[in-house]
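Chains here go by letter, A, B, C and D, matching the order in which they are written, and residues are numbered from 1 within each.
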Amino acid sequence: MSTADKPVVESAQHIRYAFTEEQEQFRTALRRFLEDKSPPLEVRRLMATAQGYDPAVWRRLSEDLALPGIHVPQQYGGAGFGMVELGIVMEELGRSLLCAPYFSSAVLAASAIMNGATEEQKRDLLPDIAAGLQLATLAVTELDGNWDPRAIRLKATRAGGNYLLEGVKSYVVDGHTANLLVVAARAADRDIGLFAIPADAAGVARELLASMDPTRKIARIEFKAARAQLLGDSEDGLNALSRTLDQAAVALANEMVGGAQKLLESAVSYAKMRVQFGREIGSFQAIKHKLADMLVDVELAKSTAYYAAQAAAVEDPEWPAIACMAKAAASDTYVRTAAETIQIHGGIGFTWDNDTHLWFKRAKSSEVFLGQPNYHRELLMQRWRV
Amino acid sequence: MSEISEDEVRREVRAWLAENWDPNLSLLAWRNKLADSGWGMPQWPRQWYGRGLPARMVRIVEEEFAAVGAIGCLRGGIGRLAAAVLLEHGTDYQKQKFLRRIITAEDTWCQLFSEPGSGSDLAGATTRADFDGKNWIINGQKVWTTSAHHAKWGTLLARTDWDAPKHEGLSYFILDMKQPGVDVQPLRQMNGHASFNQVFFNDAVVPPEHLVSTVNNGWQVAVTTLAYERRFAADIARPSRRGPREGRIYEEERAETATVMEPYKWYPQRAGRVDLIIERARETGANHDPVVRQEIARLMTLAQAAEWTARRARAAQSQGRPQGPEGSLGKLAASHVARGCARVHTMITGTAAMLTGADSPRNGVIAEILVSVPAVSIAGGTDEIQRNIIAERVLGLPKEPRFDTGPFRNIRRN
Amino acid sequence: MSTADKPVVESAQHIRYAFTEEQEQFRTALRRFLEDKSPPLEVRRLMATAQGYDPAVWRRLSEDLALPGIHVPQQYGGAGFGMVELGIVMEELGRSLLCAPYFSSAVLAASAIMNGATEEQKRDLLPDIAAGLQLATLAVTELDGNWDPRAIRLKATRAGGNYLLEGVKSYVVDGHTANLLVVAARAADRDIGLFAIPADAAGVARELLASMDPTRKIARIEFKAARAQLLGDSEDGLNALSRTLDQAAVALANEMVGGAQKLLESAVSYAKMRVQFGREIGSFQAIKHKLADMLVDVELAKSTAYYAAQAAAVEDPEWPAIACMAKAAASDTYVRTAAETIQIHGGIGFTWDNDTHLWFKRAKSSEVFLGQPNYHRELLMQRWRV
Amino acid sequence: MSEISEDEVRREVRAWLAENWDPNLSLLAWRNKLADSGWGMPQWPRQWYGRGLPARMVRIVEEEFAAVGAIGCLRGGIGRLAAAVLLEHGTDYQKQKFLRRIITAEDTWCQLFSEPGSGSDLAGATTRADFDGKNWIINGQKVWTTSAHHAKWGTLLARTDWDAPKHEGLSYFILDMKQPGVDVQPLRQMNGHASFNQVFFNDAVVPPEHLVSTVNNGWQVAVTTLAYERRFAADIARPSRRGPREGRIYEEERAETATVMEPYKWYPQRAGRVDLIIERARETGANHDPVVRQEIARLMTLAQAAEWTARRARAAQSQGRPQGPEGSLGKLAASHVARGCARVHTMITGTAAMLTGADSPRNGVIAEILVSVPAVSIAGGTDEIQRNIIAERVLGLPKEPRFDTGPFRNIRRN
């Protein structure tokens, strides 16, 4: 039985539905590394620190695995892979909940620079980010938490060859530890441009925010006449920003399905182990069927996240719409899966000592980061011109 | 037998078609040629109307048929299933008697498995076959039989041992539908269609040579059948025919297709017609309602995800990798999509969703969606059965405690 | 544990949460009557007729039980009860699926007249309706099926002491058999007024529509210079219409929970009887829990429908908002319950011979009649000034 | 004993209060007066600090207390439960020893029922009590114990016979919490609170006179306890006190209440704070979003329905009618409301829903809702257990097949 008679998205022939052998091998190696370096105890240790990551692990992840530049072209010091490989990395990071400035620096900032900077700026900025030597991040939303670029108010005023930034950004991932900030700001009260500024520049004040999800730090950053460099040739960086946000949505969706899959596995193994009323709770149909529903949910979300990465990789014209699908579906699935995983664990699942809440909180923070599911569904409809 | 190359096959079939294909033949005459030559079922053995080709070469034959617009054998249908089962389990007598007329489509077949008392629990069949010393005498009732009123033959699962355990007392027969002891009644559904039949057996007769496999091995044969059913269902893509479509044979084929497809004409509505959603929203203006937009986006995402999941499963398979969990959830996902469609179509259509028939939106199609969707989560294994399968086979969770062991006679049933 | 810390609706002290002994006795008598007169076979017989009801049963229901005037004051020939008793009647009718012009005549038309007519008109029109001698109905929506009175376009033009109606109404319950039509129309292109017109008047053309739910007939009615009488003293009948629609929503909600309860009972009894895999299907947790969820769903919807009737009966200022809650909740519950009842019955539940589809179709038609759940939820928010 | 009238009770209590109530007494001194007079627990027997009044008259006493602002006995808490159990099952020695200090609130109590291995399956407790000839020696672990670190006494369910069936090998003890073999550890929850404890027993000692009821009858006593727990939970309304609230006794009472309520301070967040929904939507402007409006309407309707259902159940009861199904679904409905709240609060709050602590919306309350709600569908019987109860007790569906019969020793467990 066909599930959809005529899919609206014409599934392009050039899109792959399976990972290659090499990609699977890459995933396996990465998973082994992360199981070794980021067991839950280590996650708990790092999430309690202000810095929020282990520089030694970051170094190995950069030097041995070249992860921060996985999707950065080789001429800028990267590994020259694309969105599919980035998706694999994010999925595995989501699974292991590694505490590291990967999403901020490699996904958000590097993508923004690749999308918006001049050739010279790319040559200048990307190699250090790709090598993991420079930690960068991207500042988009402001105090209202609105992800629509039209809501950006932070001002960039031309001053000589540079710009002065004035205003406040919030929800900046790893904003407290990044060395380099890429900031979306309104130039001349009109266009939205991307600007680069060292985090220690004069007029930049950073404050770590208390996130519900301590495995991913966020900061508020105030700019007072802070001197920044325009990225790209033009003050109109809206397309670059928008593309960056879509890529980040695809990456985050893959991270989320990685986390959801991990939760599902933990729920299944608990259900097989836990005995109540003389039998494994996984033998009760209520639990069996709940787990089956969770599996369906997670697999469907995975398909969307994978397709989005494949479509983005080949620049399928539909990919920005599919990015919306992927972010919305993965958010809903991750939150549901986390809630049900707690439910299956019962009281134990609600304790601090049980690891489930680490993923639950990541699910909640990811649900709203880059925009809630509703926001992305509405954006999907707009992109489809419904 | 030496391996034949793809190129050789292509050359051979092309030559044969050049010589034999004629759109002005009767369908029957052409299908007889197919049976004689083996090109209708190239993967079947040479002695049984085939050419003994490996399965992967079927595609080549089909491409060449399509290239000249040639008609093949009936692709779907119970006859095809019966043939697969007979090739695996049948006697030479049975192959001789039935296979050719399946290929030529002179005989229509139906499947007599489900009963009123055994739906989800197919192995609980209570239709009985008793040997009277000469023949098997059949009594009981089957249900959900497609095309029983057209069928000449039925594949029948009947109980032959009431003291054996449930799965070990069933036998598999081929039953002549056109006999006095067989009464076929249409079964009307809540959506007004009658795509299925009920079949009543009152001392119907099956000669012993129509027993397939051995007595009490019927469940194994039925399982084979169901496996073929899934395999054939997955095997849907067929190269589209090129060239003009004129000639007597095309007329006859169109009539044949119409008859075969008649019971399935509401299946697109049963699936919820996700293809209509956006069109309908634009048509009614519901596309401007932010609440409906959310629902549409949610549903389209689900439908796409289901589609992509199916493709993911096929892609893994085609790379020779074991299929992951994504291969087992299509039915359940389809059921979610269908239910979602019914909901969203109602939201889009508003008050007019209470209409039906010619005056109603899309000439009754919307109404038919609403009253057909409930079938999706039931037919071919309920959602509950699907969840059990996923939980036990994919996730490896413990099986249900069994209450149906021991002699069938003692098992509780309706 | 309290389920809601501070309910938004201050539950007025004067609202009863239980039916009185007399009301329960009334219900019992009514149920007995309906089980006798409206078994499924009879429903099936009548739904296949164009008239759609049995005049003999209607007469007994009118003469013996005085149902058509249950909520009509005694001075107009009614029984002088109120919304609570009307709710009981509707709940029992929904349970039995009686084919009769009750909702059209007693609920819609009689309420419209009580709300909108002059004293003289009430004395003139109500007694025959209350006695079941006159069959009336109310025509509100037009071809677009919009239940917002502001969407009404049918024109009423003053002509002497009367008005001429011009336009088309649709979804008129029992419009093909009613003798008297109450029509909401736009007078002087401005105000919405209520007008009464005999169904056989010149210029009135009625056409039976094919409803998915053949147990409740609907018609399209065309008015061409049809001469009608204004109800009430003023052309502004909007409040009367709005009040009528709210009362109808409360009544329909009670009808729906009656149907849902009946379905639940049939699902439970089938689950106890049907054996598969050597055990009752009701012993499988998947079915048990589904039925438990259905019970919760139905009981919650009942509470809302009952409260709405009680609140309307005492003219609690909140009642129109609660009418929205009741209609939305009952619609969702009825449709869900019907779908799950089919599911529990399996293939048998999808057959024509099984009775479930009769209620399923009533659920679907009731879901959209008077406006979909979304419409009522939005109206609730407006009435609460959120 | 002759029946006393309501008016007489009212006169008596009023007179007694006029003579005795003094807000400048210490709380302890006042509670001692209550114990001596019987007015603290008027429904208790006269010989045990009560006045033997029928339960329906308690309301009158409470009204009179409220009228002058007088403080009563602690209303909730495990002590009150323990007292009810002791009145029903306790020896005179036990009543003598424990009841008075429960009334005066000099002793705090805790309940030692749940274990890591027996959550939903309370009767599966494996904490053991072995009689050493002189005392019962307790070993094992309890969990989800409220206020164990304050408590002087615990009511303990422990296994005394491993060869008896599960429910027939448990005994009910009163255990001194302040002894060397008892180790109380806080249990931190995912929302950061530590409202509960784990309690470890390492050769803790219970003298034989602290066994309640008979050996191996502990499950019956526990069931009584749970029944009282439900009854007391339903019994929440209390007339609000009038008059000035100045005086030493009020200070002391406020401190007492703060201590008692400490573990429950996040419970409103656990319930989802439906009261905040509309306020928050107005605050953030989400009330203008049609999609959020739908969600709010849906949630508020659900919450109201749950509230009205509870009232419906109480109304039937108060009319002396049997409670219908509406009485059994409150817990499940509360869980739906809480989950709905978490969803809608997230929608309303948007990106700020990822914040916590002082900088976050409503000073952390929204964040606390989101990380506390998961407890509602678990604590006090999971949603799954609730559904089983409704299915079996209300709908009369067949019970689960049992896998935990026979000697407890042989039952599978973690």
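Following the convention adopted for this analysis, contacts are C-beta pairs under 8 Å (C-beta built on N, C-alpha and C of every residue); 3 or more make two chains touch, one makes a residue touch a chain.
All of these numbers come straight from a predicted model, not from anything done at the bench.
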Practice problem: Starting from the Cα centroid of subunit C, hunt down the chain whose centroid lies farthest away. | Solution: A
Quiz item: When the C-alpha atoms of subunit A and subunit B are each averaged to a single point, how far apart are the two points in Å?
Solution: 44
Quiz item: How many angstrom lie between the CA centroids of subunit A and subunit C, rounded to a whole number?
Solution: 51
Quiz item: On subunit B, where are the residues touching two or more other chains?
Solution: 290-291, 294, 384, 387-388, 400-401, 403
Exercise. Please set out, as single numbers or ranges, the residues of subunit A touching at least two other chains.
Key: 279, 284-287, 289, 374
Practice problem: If you connect every pair of chains that touch, what shape comes out? Choose line, ring, star, complete or other. | Solution: complete
Practice problem: Sort out for me which residues of subunit B touch subunit A in the complex. | Solution: 233, 236, 268, 271, 273-275, 278, 281-282, 287, 290, 293-294, 296-298, 300-312, 314-316, 318-319, 321, 324-326, 329-334, 336-337, 380, 384, 386-388, 390-392, 394-401
Quiz item: Touching subunit D in the complex: which residues of subunit C?
Solution: 1-9, 11, 16-18, 268, 271-272, 279-280, 282-283, 285, 287-289, 291-293, 295-296, 299-304, 306-307, 322, 324-325, 328-329, 374, 377-378, 380-381, 384, 386
Quiz prompt | Contact set on subunit C toward subunit A in their complex | solution = 284-286, 289
Quiz prompt | Interfacial residue positions of subunit D with respect to subunit B in the complex | solution = 289-291, 294, 401, 403
Quiz item: What part of subunit D is in contact with subunit A in the complex they form?
Solution: 114, 116-121, 124, 143-144, 187-190, 192, 291-292, 339, 346-347, 349-360, 367, 370-371, 374-375, 377-379, 382-384, 387-388, 400, 402-405, 411-414
